[in-house]
Every structure is written in structure tokens, then in C-alpha cells.
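So, here come the structures, one by one.
Paired with subunit B in one complex and with subunit C in the other, subunit A is shared by the two complexes that follow.
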Partner chain A sequence: MEIGPIFSALRRNKVGALLIALQVALTLAIICNALFIINERLAFIARPTGIDEGNIFVIKNLWVGRGTDAQNTSLLQTDLQTLRDLPGVADVYSTNTVPLTNGGWSDGVNLTADQEHSTTQAANYFVDEHALNTMDIKLVAGRNFKPEEITDRAERDSGLPDSMIVTQEFAQKMFPTESALGKAVYMEGKKPTTIIGIIENLQVPWVGSWVKTWGYTAALIPQRMIRQNSAYVVRAKPGQLQTAMKAAETKLFSINPLRVISSVKPFSEIRAKAYRGDRAMAILLSIVCSALLIITALGIVGLASFWVTQRRKQIGTRRALGATRRNIVNYFQTENLLITLVGIVLGIVLAVGLNLWLVNNFELTRLTWWYLPMGAVMILLLGQAAVLPPARRAASVPPAVATRSA
Partner chain B sequence: MFSYYFSLAVRSLKRNPVITALMVAAIALGIGATMTVFTVFHVMSGDPIPSKSSRLFVPQIDNWGPKSHRDGDNDPADQLTYTDATALMRAHQGVRQAAMYAAGFSLTPENKDIKPFFVEARATYGDFFPMFETPFLFGQGWSNTEDEAKAAVVVLSKKTNDKLFAGINSVGKSINLDGRDYRVIGVLDAWEPAPRFYDVTGKTFGDTEEVFIPFTHAIEQQIGSHGNNSCNDDPKAGWDNYLVSECVWIQFWIELPSAADATRYSAWLDNYAREQQRLGRFTWEPNNRVRDVQAWMVAEKVVPNDAKVSVLLAFSFLLVCLINTIGLMLAKFLGRSGEIGLRRALGANKAALFAQCIVESGVIGLAGGLIGVALTALGLVGIRGIFPEDVAHLAHLNVGLILLTVALAVVATVLAGLYPTFRAMQVQPAWQLKSN
Partner chain C sequence: MLKMTRLEKVYRTHLIETHALRSIDIHVREGEFVAVTGPSGSGKTTFLNIAGLLETLTGGQYMLDGVDASKLDDNARSKLRNEKIGFIFQSFNLIPDLNIFDNIDVPLRYRRMSAAERKGRIDGALARVGLASRMKHYPSELSGGQQQRVAIARALAGSPRLLLADEPTGNLDSLMARGVMELLEEINRQGTTIIMVTHDPELAARAQRNIHIMDGQVTDLDEQPRLRSSTPMPDKNTHVA
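Moving on, here comes the complex of A and B:
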């Protein structure tokens, strides 16, 4: 294939070719960055919480009127026992918060009582001995709480009990070189708390960027929160989620109507709400990417078609001089390849520049390198596909055109 | 002359329907995507209280000191302690001021047919209402007298009044919150500042509270915060210990006579911090901030980075669409060299040709813009489907936005058409006539 004639033809259509190259460059820069962000978001959304999400639902309960701590304790005990006795329910516990609800309690964790800067931040889940079974979390070391270890915690109580269970991430952060089991840490105040158990994985309640470094650093505290409002986490028996949800609400109202149940939500709903913004961003970017590829393809089709019309006579002449249809198609494809390659080189520079700018200004992460060749190949194939219809039309120009006067 | 050019433009556009359709589609898609994303961004970055946003300020006091600062960020906490909030209230340095925090109650209606339900509440001072210019449907907010008396009075939102009292004037009636009775003193009309600027530590967009009660009363009743609470140390057991602790959980707003008074207030705040230093509470130099509404929205990152990145990508997309259009228009105008040559030979001057080409690109822009408006409307419906409700329900197509969309399309397309037009004007009439 002679590319000399292609160059001289391009030189006569400099601006048109340049515009296509520019369009290819911008498209590549945007697509690389957008696809990268989309993939990051999808990975972010897909992270597991560590709990049996498919069978869990959460009831938010609020007592009407202001009971004493003793009254609220007995009301809570009755509720939990009632729920546990329901046929579709596997287990229940009450707590202050659950993963992905973006509200809760966190504390700095220290190795000594007077440490200046905390080693890490950790989420506190206030639970009882039923929590592990309800969430269906695997204990990898140590033991679960015993019923007698669970104490009551009123609204303004302070200080933590003697023991707690922590996540593997928590354990590794505090004791990177040895087993955390049996070790003491300082969280709230000057009193040490001993780690009696280590669980596999449990996400903190928040998903924002501020928990980036401690997304799975959580502690289970053996205390029952005695408050006006609490969350009941319920695991339904397999396949009975919907029936258990309905039965739970009805039963709770029937044993004590003086309450507000502000929500009964399957965990899937909590997850959907937590990541709605990220999901929206991924969808929005996908739409922009698709539209961008379509527009770029149409632009190539449009301009190539125009060039074919403009060069009908030359094409006819080449055909009359012995060029095959294949030669003509090749000509336009090579021309497109050259323009696209220029665009890709420029686009890679732009993509990296755009990414650096996004990283500096919007707390995004650095682009993984292979997005660049992937995007380049994508655009190259798109260009070749887009130029094919006009090239085919060019190939069908009859040699006789050469003999006609315009 | 314009109508002649217009009919020429329409005729010329009809001659190459495919290229015309491509250009219009590119403009429409670019404009539609850009305006959809921009509308959401515009709502998020809007001024929630334009009449006085430069006179309303949030003071920040560094009560945790340098030890609490990380990574070179030495901004103080974004809320105040009870100690500082009440000290600032007593000092009365502004025209109006209000400390406030979020609370929540079970509301039991007198009408037994309505089941008790949960309401979000705000405990604040009487100045809250005139300071934020909240619209009242019935009655009014409470005054200093009720603040001082720690009175059990309540201001209802329109929604709550509709639900409890079927929308009638309920001033003087009473409601029950967590077992205590409160006398209705006022009912707000619909009030939806966006962003919900007065407290962005919880939700930044969405409904305002359903009931408002005096701060002083809430503190006396030991009603805890339902919002954000941060402690740098164990507050120790009990309510009284909590109030004197260094935990921050109270938002504070002050209205000053003019924007310029911020400097004076800053100086006063530094004096206050120095006094705390003398008392031994702070062991560091004053490190305070006084920010007005817009500066506060920026500091609190109310517009998420995602929204900014989306706008950036949408405008890049529009740029690609415009480059696309330039290419196609160039092809089209140059493809008509013969006709242009003929017109020139028949006496049309360059200015006339320029006008003709500009009108033609304007017509493309107008068509693209009109379809773009439709696409924007469609896009906003889509946005409401995928985005969190609180933000998305604010984004609507209005007359201003429609005009902006069409104007942007026409201006952008005419600008894109300048180079092709310039090239068309260079056509040499004699050469064109000869070669054909």
C-alpha cells in the first residue's frame, strides 16, 4: 500500500483531517478517564459488608413517651424475645447502627492510655451475644461473648467494658506482627479493653472517603444500648425474608402499640441507598461514553462520505487505471488509520494530563496504565468500522466516471 | 434580507439531509448532556438565601488545638461545644444569632386515628426564623421571652400541620413530643432552602425539619442531638458532664449588619479565644474562622466532587460535538463552492456571503438547541430515576434554563461555524465558474 498519495490528499484536506484527529484525541482522553472512574465505582459498590445481606432486615423502633432506663430495658428484652420466637426468624440483636447506614460511632484506638495520636480510627458496634449468629460472621480466633458479659448502656453512660471482639483489619492494624487475641487496647478513656475474639470481616457504617483507610476497622462492644430508639437486626430463615418482615412488624405492634416503627428494611435496600450516588455516577459516565463514541463515529462517517463524493472523479480514474475495489477500500481505511493514529498519540497525552488534573483537584486516583492501550484499540476499531460504509461506497464508483466531464 | 438567508439556509440544509441530521444530532446530544448535568450542578451550588448570604456567618473555634490537626489541615471543628455556643449567644455580637442542633421525637397526635410517628426536630433560638427569613403561614416564631423561659412551644412545618390539623390554623393548639405537651406558636409555609445550608453536617439537601423547639428548653429537658457529635475525649457519664465537655455538636449562625463587620467579629472571636487561653482551657493561640454562607458551603464541600467532574466531562463532550460540527460544516460549505462562486459572480459581496453562512449555522444551532431542550427534559427525568431523591427532585427544567439551552446551542454553533464560513468566503468566483 502506497501511503504517499494518501499524504498528498490529506494535505489538501488538512483542516478536516485535523478536526477528526482532534475529535479522536478528546474522545480517547475522556473515555479512558471515564471508564477508569466507572470501574473504580463498580468495584467500590461491590465490596461486601461481611454480613449475610440476603437474609437480613433492619427494624427501626422508637418508643412513644419517655420511659425510664429500667422500663426501656424491659421493653427491649420483650421485643427481642418476641422476634426470636417468630417462626421465620433465625436470630436477632439490637444495636446502635449497621454497615452502610452512614451514621454511628467511631473512636480512636490506642496502645497506651496516654498515646498522643491514635493508631487508627475504628467503628463501635454495640451488640449482644446474638450478633455474630445474626450477622452470620465467622469467628477466626477467640470466642463469642457470653450472655452474662452483656451490660446495659444508658444514653449518657461513658467508658467501655473489659472485653470486645474486633475485625481482622482492626487486629492487624493494632498488632501487625503478633496475634491480637488477649491483647488490650485503649479506646474511650483511660481503661484498657481486652480483645477476646477476632472476626473475619465487617464493614464500618460509613462509605465516604473519610473512612478510606479504616473501612473494615470495627469493634463489637458487649453493651445493650438503652435508648428511646434502637435498631433491631433480624436474620430471616432462608427464603422467608418477606414473610418474616411482615410478621415482625405486626407482632411488635400487637404486643405493644405505643411505639413508632419508622422503617422495616431488607438489607438490600440499605445497600442500594448507600451507593446510590456512586451508581448514578457510573450510569451517567456510561451514557456520556456511549454518546461520545456514537458522535465520533458519526463524525467520521460524515466527513469520509463527503470526501468520497468530492473525490468521485479521482476514484473513477484510479479504477480506470486498474485499481481494484479492494485497493479503494484500503485507501480510505489507511487514510483513517493515519488520522486516528495522530489522534491517539495526542489523546494519550491529553488523557494523562486530564487524569493528573482530576487527581490534583478532585481526590481521584491515578489512571491504571492499561486503560490507555485499551482505549486506543477501541477508538482504532471504531474508526475503521465507521469508515467502512463510505469506503465501500467509494469502491462502487464505476471506472466510467473518469471519462465523464463533471 | 434575513428571511432570504433563512430560506436559503433551509433549502441548503434540505439538500444534504444526512449531513444536516448529523450536525443537528451532534449539537442536540452535546447540549442535552451538558445542560442536564449542569442543571443538577447549578441546583447544588446555588445560593440558598441570596438576600443576605453575605451577612450570615458561621464562627469556628479551635477548641481541640494543634494536637487534633492532621495532614497540614488546621481548620477548627465545624461545630461548637455547648460552652462556646452559649457564650456566643450571651455575647450577642450580631443583629441576630442562633445556636441549634438536630433532634428527633415520636409525635403522638391528639387525633387517635393517626398513629404516632417520628419527626425530625430542630432545637434553636427565636432569632432562627427572622434570621433565615422563614415564611410563616400562621402565627410566628418565638421571641427572647420564650427562649429565656425555656418555654414548651413549637413551630410546625407546613407538612406536619397538614398532617396533624388538615392545614387549618393550629396556633394555640398543642402536640405531644416524646410524652411532653408543646403549644403551637407558628406554622411555616413551604421552606426548602437548597442546599439546607444551616446544618450541612447531616444531610446537605432535602427537607427541613418537621418541628422546631426552643434550644433552652431542649437543653433543660436533656434532649440529646440526633445529628453529628464529635468528642476528642471521653465526656464522662451524665448530661451535666456532657454539657461542659469538649464535644462539638452545635451549629451556630450569626447575622452581622454588613459583610464588612466580619473583620470586627473575627477580632472579637480571637479575644474570646485568648480569654479561654487565660482561663487555661486552651493552651494554644487563637485559631478561629468566620465564614459567610457561600464560603461555608465551599469549606463543607457541599457540592460533591462527583458533580464537578460530571460537569467537566459533559462540557468536554459538548466540545467534541462542536468539533464534529465544524468538520461537517466545513465539508458542507466547501462542497457548495460552485454555488458560492456563482453568487459572488452575480454580485454578492463577502459580507452577504458571511451573513448567509452565519444564518445557516444559526439555523443548525437553533434546531439542535430545540431538540437539546427536549433531551435535557428527558435527561432530567432520567437523573431523577438514578440520583438520590433529595438532590434530583430539585432539578427541574424552567423557562430560564430553556432559554439558556437554546442560546448556548445557537452561540456555540455559530462560533463553530466561523471557520467554515471564513473558508467559504475565500472561494474565488472566477476559478469556480471556470472549472465547472
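Moving on, here comes the complex of A and C:
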């Protein structure tokens, strides 16, 4: 290694070297933060809803004409039974909302009737006894609803029934030290509701940052929504999603054409729509990162190529004086290493600064420390790779250049 | 030391073939000081480059110190250049971004040599060319003659057996040229074989022996012994024509 002389020589060619070091620093600062944000987004997007997403689809139905509650109840019952009888359908329930739709109800949950500040916020899913089987959610304690426990909830009804099923996160938040099973909580009004079952995991309908602390705090309420419009959640039998979707729509129209089916959507579509913005952001940041890395690599290639041309005679002389091709390649690699290292030191400072600024000005978490060494290693390898072609070209400068060029 | 037999060098470009050297026979013995003369384009540099393993030959044989040069790969040639051969160029070829000390250090760094030994050799070489006080200077801060002395110091630091110089005084005025020539003679007196290409008949006359190359062939081997008080006399009949 000839670090000493390489460094001395670099100090006499400061401008080019410093520009590249600066470029490396900026790139490192930006990609560390961008990769961190991308990874956070991807982890955010990848969160499971807890339901059998691959086989579920949702039908949105609107009756033509405003019927009475009794009429709507009977129409709903008929629809649900019709769907359950379809050969490709595993199970069905009707509800107000499903995860990732960004629409639904939530309530504060209290331990006493007159608690001033709620212990937590929770999403309310109005369901029937088929919900658990349809969503394919595991019950970890207690029991499912019995058919006779399901009541009808018309538009003007308020208050909650006596019993409900909650998620583990719900149970944990309300009763951190003991089992929530059989305990009562107060959600809507002064009437207690008893927890009769605890399910593993179910995401709330919203994905925004405002549900950050209660993303899986949800309650299943044993009530059937009686409305002019309703949503049917259907789980198809494995591999029959597409056929079941088509069959369901056709069948519903054939038993009662006085309706508008505004959508029949596989759950994957709901998920895609929910995270469209986050995905776009992650993709955009990836493009920015790639572009930055490419530009930096090109900068390194450019400067190194320029130096190879500029130093042709020097390279030939070194070869004449005994440098092997390997020595010449090493020279350029070491030089690149020194420049990149200066850039990295600067870049780490910049990366931390940029992150602090982002944390202070936007809703961002602190950079996980290992993004810095990871980014540094990436840039280092990039630099070494980028300098290799020009370095090889340098190594192929014939030693005779020492005597042949003026 | 150096023996070329029916050596040929042909440069092939896609348009023409240039026969730079046509079957030359040259024998240089250990300790000789040989001047190579000849018109421009006659093949002097080509001869020197092949002698110094900077270029490969295209025909004939070249034995350097008992080693067949055509059998060496690029790495072996680099190593041999580094250890056995010192080069002095017409335009000095110092590295402008390195100071004098680091310039002389360049060939030494390609050997496995301790920092202390390298420093000792650099100091010694600089003292020999009388520039010990300039080691922190950069080449641009020295006169041409001084730069050539540094280049000589760089060639000497590796203690080469063979010193090759391609018009070492070509870029110097006559006073500086004489200084450089005296230095080379001094080095030769201490046992280093020197082959020097020169256009200057006066300098050529000071060498023990002249090889005249014309159109890629050795045309004239100067057989006249030149009496020079402290120079060991070469055997008059050793060179091969």
C-alpha cells in the first residue's frame, strides 16, 4: 500500500477529489435516510390485517327504494343465506366496514361508566356469528357469538349489546395484568359490555398515523346493520375466489334485481388502494436513491477516467519503474478509497443532521444506527466498483509510454 | 550482461508494418558505458525499450543477465525492471504531484522494503546527486538539470545493475548536460553498466563504446578504445556485430 504518497498527491488535486467526496457525502446522507424511510414504509405496508386476505372479497349492495327496517332485515337475511349456499363460498357475514377501507366507527373505551379520559380508542366492527369463520380469525380465549345473541341495529339505534369479542391488543390495553375474559368495559354510553371472547389479531379500518397507538385495537359487536346499503364479506373456498365473485354477483341479481351492486372487490384490491400512496412514496424514494447512486458512480468513473488520461505518462513511468498492473489498479482503488472515506465521514454527519431535521419537522422516527454503516459500506463498494474500469484502463497503459511520449 | 541475437522488432498497425529493428546483434558486458547513436527514427528508443523490458521483441533472442526475456510474463518483467534496471528519460518523467523524496521512493515502494531502508536509500541517492537539501521540493520547483539529477537518484536508489538512458541530456543546456554526463560517468565507475542513447557526438565520444544504429540495423561499431584515466578498459573484441 502506498497510502502516504497517494494522499499527498491527492492534496495537490484537491478540487476534483473534494467534489467527489462531497457528492459521496450527500448521496450517503440522502440514501441512509431514504432507505430508512423506504424500509419503514415497506414494513408498514406489509402489516397483516389478521384476516384471510387471499380468499376474501367484499360486495357492496344498495337496495333500490327505501324499505322498512323489517323489509331490509328480511332482504339481508335472504342475501346472506343465498351467498352461503353458493358452492364456491366458505362463509359470509354482513358488516359496516372491513380493515384498510379507511372508513368506520371508533369509540373510546373506559373501565368505568364515568371515566373522564378513555383508556384507549377502539374500532367497532358490527358483525354476526359468521364473522370469525369468514375472516378466518383465531379465537384465543372465550367463545364465538351464538346466533341468538345477534341483534338488529337500525339507523336510529344506539347503545351496545351486552357482549362483545375483542382483539388481543384491546384486551391487553384494558387489562394489562389479568385476563380480559368476562370483564366489562364501557364504550357507548353508561351500559357495560362484557368481553366474551378474545381473537388473535384484527386491524382497524384505518391505516393513517392517527391510529398508530391502536392499529389493532378492535371490538366485534354482535349486531347486524340494517340499512339501505350494506357490505357482505365473503370468503371463497381456496382457489375459487374469481368464480365465487362472479357467481355471487349473478346469483344476487337473479334472486332480486332491485339492487345496485356498486362493487365486488377482492381484498387484494382494497389493500392495494389503501397503501397506494405509501407504495408510490417508497418507489419514488427508491428511484431517487438509484439515481443518486448512479450519478455518484458516474462522477467517480468520470474523474478517474480523466485522471487516467491526464496521468498516462506517469502511469507508464511507474510501470517502467517496476509497477505491476496490479500495483496500478491498487493505486486507483486506494485513491478512490481515500476520497470515499472522506466523503463517508462527512456523509455520516450530514445523514444524522438530515435525520434530526426530518424528525423535528415531519412525523419521522430517528434513524436506526446501522443504516449508517450499511450505507457507508454500500457507497464504498460502489466506489470501488466504479473506479475499477478506469483503473483497469490505467493498468493497460504500456510501460513504453514512459519513453515514447513527450 | 545483455546479449541480443538476430533481434527483430516489427510494429504492426492495421495499415503498415514498421521494421524498427532488423536482426541486430549487440552484446554489452557488465560494467560497460555504451553510447547509442543514430538518426531520428532509426530504432534507438526501440532498442532501449526492448533492452529495458518495456517492450517485447518480435524475433530473435534477448538474454538479460542470463535470463531469456521472451520467456517472461508481464509481472516478471515488472519485477526485473524494478530490481535490475534503472531508467533515465529525456523529459525526466518525475511525478509532478510528489515531492523529490516521494519521487525517489516510487520504485522502492514496489519492493518489499522497510520504511527505514527506503529512507536510507533515498537519502543516500540524493546525497550522491547532490540534492539532499531539496527533498521536500516538488519537481516544478527545480531546474531541468536538477530534475534530471533527481531522476538519476530515483534510478540509483534501487541499486540497478543496468542503467538505461534515452537522451538524458536532450532537454538540458550544455552546461547542465555536462554535469549529468559527469554524474553518469561517476556511476559507471562504481560498476553500473550504462547504455545511453544520445544525439550529442561530444557526449557519445565520452562513452567507452559507441553503437550506431541506422534504419533498424547496427551499422557501425566504434572499436576505438578511448583512454580515460580512471575507467576500466573494456575488451576491444567483445562486441558482436
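In the analysis below, the second predicted complex is superposed on the first by the 404 of 406 C-alpha atoms of A that agree within 3 Å, B and C clash if a C-alpha of one lies under 4 Å from a C-alpha of the other, contacts with A are read in each partner's own complex, and residues count from 1 in each chain.
We take it that contacts are C-beta pairs under 8 Å (C-beta built on N, C-alpha and C of every residue); 3 or more make two chains touch, one makes a residue touch a chain.
On a predicted model such as this, the values are computed, not experimentally measured, just so you know.
By the touch criterion defined above, A:318 lies against subunit C but remains apart from subunit B after alignment on the C-alpha atoms of chain A.
After overlaying the two complexes on the shared chain, residue contacts for A:276 are found with subunit B alone; subunit C is out of touch. In the superposition on chain A, A:403 makes contact with subunit C only, while subunit B stays out of contact range.
Within the superposed three-chain model, A:15 lies in touch with subunit B and out of touch with subunit C [touch as defined at top]. Between subunit B and subunit C, it is B that contacts the larger number of residues in subunit A. Of the two partner chains, subunit B is the only one that A:158 touches; subunit C does not reach it. Shared contact residues of subunit A with subunit B and subunit C: 406. Against subunit A, the residues of subunit B that register as touching in their complex are 18-19, 22, 25-26, 29-30, 33, 37, 67, 104, 106, 108, 115-118, 178-180, 224, 233-239, 241-242, 304-306, 308-310, 313-314, 316-317, 319-321, 323-324, 326-328, 330-332, 335, 383, 386-388, 419, 423, 436.
Across the complex, subunit C meets subunit A through its residues 45, 48-49, 52, 54-55, 74-75, 78-79, 81-83, 87, 89-91, 93, 95-99, 102, 105-107, 109-111, 154, 158, 166.
Per the touch definition, subunit A reaches subunit B in the complex via residues 15-16, 19-20, 22-23, 26-27, 29-30, 33-34, 37, 62-66, 116-117, 155-159, 188-189, 228-229, 258-260, 262, 273, 276-277, 279-281, 283-285, 287-288, 291-292, 294-296, 298-299, 301-303, 305-307, 309-310, 358, 362-364, 406. Of all the residues in subunit A, the ones that touch subunit C in their complex are 2, 4-5, 8-9, 12-13, 313-314, 317-327, 398-400, 402-404, 406.
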